[in-house]
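Two complexes follow with chain A in common, the first pairing it with chain B and the second with chain C.
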Partner chain A sequence: MHTISWHSVELTLDECIKCNICTSYCPVAEVTDLFAGPKYSGPQAQRFRENGQPHSPDHSVDYCSGCRVCNDVCPTGVRIAEINAKARAQMVAEHGIPLRNRLLGRNELLGKAGSFAPHLANLALHNPVSRVLAEKVVGIAREAPLPRWSTEGTFSAWMKRTRHRRLRSDKKVVYFHGCATQYYEPFIGQAAVMVLEQNGYEVLVPPQNCCGLPMLSNGEFDAAERYHRGNVARLAGFGLAGYPIVGTSTSCTLTLKEEAPELLDKEDPGSQALKQATWDIFEWLRELHAEGQLSTDFRPLSPDEERLVLPYHAPCQYRAHRIGKPALEILSLIPGLDLRESHARCCGIAGTYGYKAEKYPVAMDVGRELFDFVAAQSGAEITACDSETCRWQLEHGTHLPSRHPIEFLAAAYGRYDLERRRAVE
Partner chain B sequence: MPTLETEILVIGGGATGAGVAWDAALRGFQVILVEKRDLTHGTTGRYHGLVHSGGRYVVKDPKSAAECIHENRILRRTHAHCIEDTGGFFVVTPEEAESDYPDRFQAACDEIGIPCTEIPVAEALRREPLLNPRISRVFEVPDASADSFLATHATVQAARMAGARILIYHQVEALLVDESNGQRRVQGAQVRDMVSGELVTIRADMTINAAGAWAGQIAALAGAEVRIIPGKGTMVAMNHRLVNTVINRCKMPSDGDIIVPIHTIVAIGTTDEKVADPENLRIEPWEVQLMLEEGEKLVPGISRARVLRAWAGVRPLYQENFTGQDSRDVTRSLALLDHPSRDGIQGFLTITGGKWTTFRMMAEKAVDRACQHLGVERPCRTADTPVPGAEQGHYWLGHRLHEIEEARLQGELVCECELVTRAMLEDAARNNPTVTLDDLRRDVRLGMGPCQGGFCTYRAVGILHELAAENRTAPVTPESPQEEIANSPWEVAYLQSPGRHVRTGSPQEVLESKVLGPASPVTDPRTPVSNPNLLLRDFLQERWKGVVPVLWGRQLKQERLDELIYLGVMNADHLPDEELASPLTDFYLFDTTPGETSPGTTPSGQEKEASA
Partner chain C sequence: MTQLIVIGAGLTGLMAAHTAAQAGLQVRIIAKGMGANHWHAGTVDVLGYHPRDSRQPVRRPLESRDVLVAEQPGHPYARVSPEEMQAGLEAFTRLAQEAGLPHRGSDEPGRNLLLPSPVGAARPAFLAPEAQLAGELGRDEPMLIVGFQGLRDFYPQLVAENLGKQGVTARAAFLPLSLVTRERDRNHVQLAKLLDEPERVAGLGRALRGLVKPGERVGLPAILGFQRHREVLASLVEQVGAPIFEIPTLPPSVPGIRLHTALARRLEALGVRIETGMEVLGFHGEDGRVLWVETETAARPLKHRAERFLLATGGVLGGGFQSDHTGRIWEGIFHLPLTLPQERSRWFRPRFLDPAGQPVFQGGVPVNGNFQPVDPASGQPVFANLWAAGNTLAHADPIHERSLEGVAIVTGVAAVKAMVGDRAPANS
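And then the complex of A and B:
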């Protein structure tokens, strides 16, 4: 399925000095005994796995949420989360994949299917009976925060609808919307377009598909590889032509940048070109700002003179980009914003992890650190977070609305309605 | 002075001695085996772990090759659970592309009957992706790798089940040589119990010298000259399994031309240097460097991977009238020295030479000859008698992880690197005589992983201390230490299986259900060697020995962390009880780094090293 080369993440196990820092930071190991920690399942267990082994020796690595906090804190550079992901892929290759994980991995397909009749789809999914059934039959936790399909059409439909209003410019940027923006939250894409156009860029949205991450985290490497190849075919050309490819979904961009090439051992020029061209949108905006090119024509976000208290949580997968917290830096340019930076390790959801019935309680326990942080910020009535599933989990855990930082930025430009979540044109 | 009587006395607790004891006991002889340290402390526990198909010697030493393939087939049945069926490749690297050796190799394999199949290079690279892609031919042979610690323990368990008595930490001080009737006859030996210091006399009709590299010293006690040619082999262990098949270079055996996957590591082997002393071995920088350079030819990049440790063992090579200079040229075939006919010394045999792979055959030949001298005819039964545990079949790399995962024993780990649980450690300490932590390392692989005892040493010492505390309340048995050891439980068939050693119930229930049998010295509060400070110091020193020769890069980082733990936090170089010593303290203190011998290097030697 995959080969070992000297560049493989597996071989970073040699860097491990057993210090246990990863284990002491792991948010999952802290709340459950079902996961023995990153050191155990990563570099340690890896010495007992072999390429083409007759059977996978693993079970508990399935409880790794893939949040990558371990990679973040490892002082010697072991790619622990990726070692775990590969071990899970071996388990899946051997034992097969449960229907539930297959469903959760098929984000794009589900998005597409529901979008044909979003009202009906929402009604069918978001009612107590369906949720109980979904838990009993498929194992999707009934309380877990599933998204709603957009009832105003997909993001690409909006782009098409508003094409006459879209900015034409010599300066062009490619936008990677990801499945959540496309099918559930097209307004995130609208906010991104508003921000990019405000800065004089024409936004290109070429055909694209799921980045493959949901499948990578559920161990379906073959399917993920097909999606990744699709994206390379459709997008690598833009990268080679010098266009930046920016995304608002931190996990999608991380996948294009790093996860897919690393986990799937992709060293082909196309994957590398896509990897090189991909940016998190705030990472790219920060670059723009450093060159003095970012429009700072901001207006305060709260109508009265009061400062808006805004707890901000950088998702684990954002931290995995190893780019600091550019969203925080850019948001801090907005006048009247009282940003409160969360240092919680993880919200718990970790992509599709917290949706799984047996893992939902673990995810909620992991998220407690973040929920408590938000609760401690008096006056906070809204939160900010870059990743979609994390926002949904935050809303679920805090009962406060959560928005993408790009929505705040677009609103500060006066081109987005934060309340109604739509572009103002 | 206690006196024991037996028919056959075996000297040496390596693979050969254990095999002789097993073979003789199965034939119905009364047997006592004495070993001056722990089982496999000598060469058996210091070899690379290769179960030879015979391919390595097929051109140069066909007699040894034939012995190897014959025994390879038998051991796969009798010692199945001690073997991982890795298979082996003989690969033709660019250096040998023009040589006619590969064709000679293939013809010789056919001649001797070693199954040898040439496979496409592409298939070999698919199975071993890190293998040098520039190899031109690949032959597949039934090489395998063996856990020589477990195999010897299992052999000894089989011998005990057939009635043999095994006395470890009993060193031969003198042979009982009778010169009456104008005939010289060995009638047993006087041995010292290295733990209690007591002398024991063992009277035997036949004494079989299976002391390996030390066989010359034993024979000298009987007045016989046996010139063992001690060939030191240095091996380098890499941190993890870079290959999962034994990789041999298809050429005349030389230095650094094999890579053996054994448990969680691969070993690159080996050198062959004639040395004077089989005991205190230095590891020279050129040897480590040569292993890595030669390893590069098989697995390009290997020299940049993490090196775990280096170690050396001494082959007990023997060739009557050998006059060459290079011990590489000495036969690997077994040598049975019949002292009655050779030297006119009755009641005494020496069995040496050979390979680990041929230990059973060596034992068979030795006991066959003993039968002749004793005037009895009893057929050998070892080839058809599996040792306890063999029914488990071959082990596989993932078995420990798999068992830990199945039984959810993650919280029980003492040695995290090698996945040793607390129950494995306790059962090993209780169920076979144990004097040092290093004995437990050989039993369960304690401290053999990347951190080299960094995190498990203090844990293991604490656990043994607790066992000793429990034994303080145990009834003191009236037996002599020898009887106590001989009668103590011995169950090693599942020594290495975490899933077979599960503690159930609450800690209190576990405590109450414990059978307080005869204690092994390490858990016996009456013996000085159970002192925790001594255990800790000895084991740290023992691990340190093997790390010193490879102290760079990632292993240096590791040692720095270990140093902070033991010297910085625990002040391990200033512990009380400094005067205490185990039978092995001096051995551990021998400095393996090149230069003047400096016994007395303590853990603070790390500081000396750093400042030197």
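And then the complex of A and C:
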């Protein structure tokens, strides 16, 4: 059993001045009284968790979605969300993991399994009878926006298929696709490859596995550690050799940068090298642009003179990256794009949070702020968000299609079909 | 390249960024967290008490300013002329109006308002949001102070009793919190958001109508709506048929958060990006200029380059200064010289409520007449492209003087005007 150490978070605990600003912004505490809120469940309850206290004093911390609004607004820098994540891990250590959370944590395994016969898997998962069963038996909300397996093969298969067309160059970058791109949305990876190649980079996709985040957020630290070790073994060498490792999944890149090393107390050189080399793709493109190296050979995205109204929601993970909103900065370079920045705190889904039957209504109430924002943008027929589960939730809550910003960028380079979601080569 | 980076998203930072945007600069705000507005009453306190005589509230702050700066030539107010002070406050009033949260002062121009505090003490303020104006202690109508059973930190009996001791006729009443919510343990901000819903306001209005006697005015904890605050207030006044006012509560303060949110949205509409969660850890300077500051991220420091930088991180309370257990205090980003005592034993006077205030809250960054931090020995600017404003500045005691927002607004505006060469430097 992984022992839960409080080492890195307890340092910030004493900074709390009890101002309750965090509680005032927490989107979950606002819609339900099942959660005591960041100050109480975080720095306050933490006092009773340290020093070998036998039991975690506050079980409502399970309702924290991990959105990190609290960290962002806290004037003194308390790492509340991390305190809560560790508290959940301690609860798992005390009470064990429900089967449902085990399942939701096995994103990669599920992805792989379904990919053998995606049509069948989609049918098996997405029919009303099995959704009701899934809710009753394992507790996965029947309405929650679960993904569909790609029926055109995985992202790696596409890379292999198009091998002869891929750019060879001295400038190389490693792409971390993550499970969602690999099994459910290979076209996101295609768009990323198009953008990187447009800028003269050869894209390397070495073997890699799940970043481990789904397990971390369900408090399964042992399993997460195995996955993380695997990625360090396979990828840290590229970092040490000076290759940037970029990803389109804001949660995977966050896990490689910080979540895994911090929550698992990994200070080994391999984890550190991986951390230092990992970039969110737009964070990296922004650097490229700052150096004057980003191709700005854009064409407008709407055929006629009309501007394309695009509500953009930055996923919660950007808050944890602490890099601002690089996708917004880069998309704003595209002519004819009428970007509308969402200030909604969270879409509600928060990884796998909104899939859980008891949390689904909370997630939908949290998301209301965002859905209302989108509805208020007249002329908007599509939305953008960097994180996969957030996009699925956005589509679920707004009934409008949602795309990754990289798809818009690839399309603006004329190398991607936004409608059919595929590379144009 | 960005022309100005403002560090800090409190009132100082927001006003400075607004002034810069109006002067045509491309400006961005970065901040560690939310600004100190979140603790404040939402009023603008310019000068509530004269530091030498803290028993009687100041009546006319702009006039008392002259006395103050004569006694304390280093005070931030001494860096601005009376006209500039006036102009800064007017800039705020205009911005608040545009942001949909109008503020006004006493009916008698130039006078401080006296408003009830959360425990019913008299609180001098120069400008207040509309919702607080009917609480002016000098008005004749007797007060009905209404609290909610089960709401923490607001006790109407206490408020009424304390007001009574000051000669204000006031009585207290309770309403059930279930008028607003049936959920447990909601804080003021959450309640204010719930009251954005018209049905709840209608229920509250009915209940209040049953309590109020003819001729009374009604004081409530400041939870009257968030986004739709003005509509909520207007609708209550209409339903109840009496003047209604909010009493700011203990932090987190709804009027403070409303003000912050409204100003921030307005600035963003003017093209100013505000990025929180960005803690500045270091900077790079060359040839007497700051080239960039670096913020902490999940992986590696992020550089923020700009032509100019303005430090608006606040003082000891706002988080701009750091200290260690020995009593050493330093400015957290640029390690600017401070006028603060560097020994713990000299931070505080023996008496908690000493009429002379506490030394640790009075020091800060010394600046020249153009709001540039200076080396006290040479009097020369530390960096050619660095300015500082607000409660980072030395020689004020904003808590004691009740000048927090006044100093923030007036120096935030003046520092940017000095930066763009739009003012005659005041005598320093």
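The criterion applied here is as follows: the second predicted complex is superposed on the first by the 414 of 425 C-alpha atoms of A that agree within 3 Å, B and C clash if a C-alpha of one lies under 4 Å from a C-alpha of the other, contacts with A are read in each partner's own complex, and residues count from 1 in each chain.
Going forward, a contact is a pair of C-beta atoms (placed from the backbone, for glycine too) under 8 Å apart; a residue touches a chain by one contact, two chains touch by 3 or more.
Here the structure is a predicted model, which is why all the values come from computation and not from measurement.
**Q** Regarding the shared-chain residue A:Cys19, is it in contact with chain B (first), chain C (second), both, or neither?
**A** Touch partners of A:Cys19: chain B and chain C.
**Q** Just checking: does A:Phe48 make contact with chain B only, chain C only, both, or neither of them? Give me first, second, both or neither.
**A** Once the two structures are laid over each other on A, A:Phe48 reaches chain B alone.
**Q** Under the stated touch criterion, which partner chain does A:Lys275 make contact with: chain B (first), chain C (second), both, or neither?
**A** Touch status of A:Lys275: second partner only.
**Q** Regarding the shared-chain residue A:Ala36, is it in contact with chain B (first), chain C (second), both, or neither?
**A** In the superposition, A:Ala36 contacts both chain B and chain C.
**Q** Applying the touch criterion given at the start, work out whether A:Ala320 contacts chain B, chain C, both or neither, answering first, second, both or neither.
**A** second
**Q** Between chain B (first) and chain C (second), which, if any, makes contact with A:Lys112: first, second, both or neither?
**A** A:Lys112 contacts neither chain B nor chain C.
**Q** With both complexes overlaid on chain A, does A:Asn71 touch chain B (first), chain C (second), both or neither?
**A** Only chain C is touched by A:Asn71; chain B is not.
**Q** On the A-aligned overlay, A:Lys257 touches which partner chain: chain B = first, chain C = second, or both, or neither?
**A** second
**Q** Can you list the residues of chain A that touch chain B in one structure and chain C in the other?
**A** 19, 33, 36, 76
**Q** Which part of chain A faces chain B closely enough to touch in the complex?
**A** Residues of chain A touching chain B: 3-6, 11, 13-19, 33, 36, 39-40, 44-60, 76.
**Q** With touch defined as at the start, can you tell me which chain A residues reach chain C in the complex?
**A** Against chain C, chain A makes touches at 19-21, 23-25, 29-30, 32-33, 36-37, 71-77, 254, 257-258, 275-276, 278-279, 319-325, 341, 343.
**Q** Using the touch definition from the top, list the residues of chain B that touch chain A in their complex.
**A** Residues 127, 129-130, 239-241, 244, 264, 301, 305-306, 396-402, 405-406, 408, 410-411, 413, 416-417, 419, 449-451, 454-455, 554, 557-558, 561.
**Q** Going by the contact rule set out above, which residues of chain C touch chain A in the complex?
**A** On the chain C side, the touching residues are 32-36, 38-39, 183-190, 193, 251-252, 257, 265, 268, 273, 275-279, 295-300, 302, 318-319.
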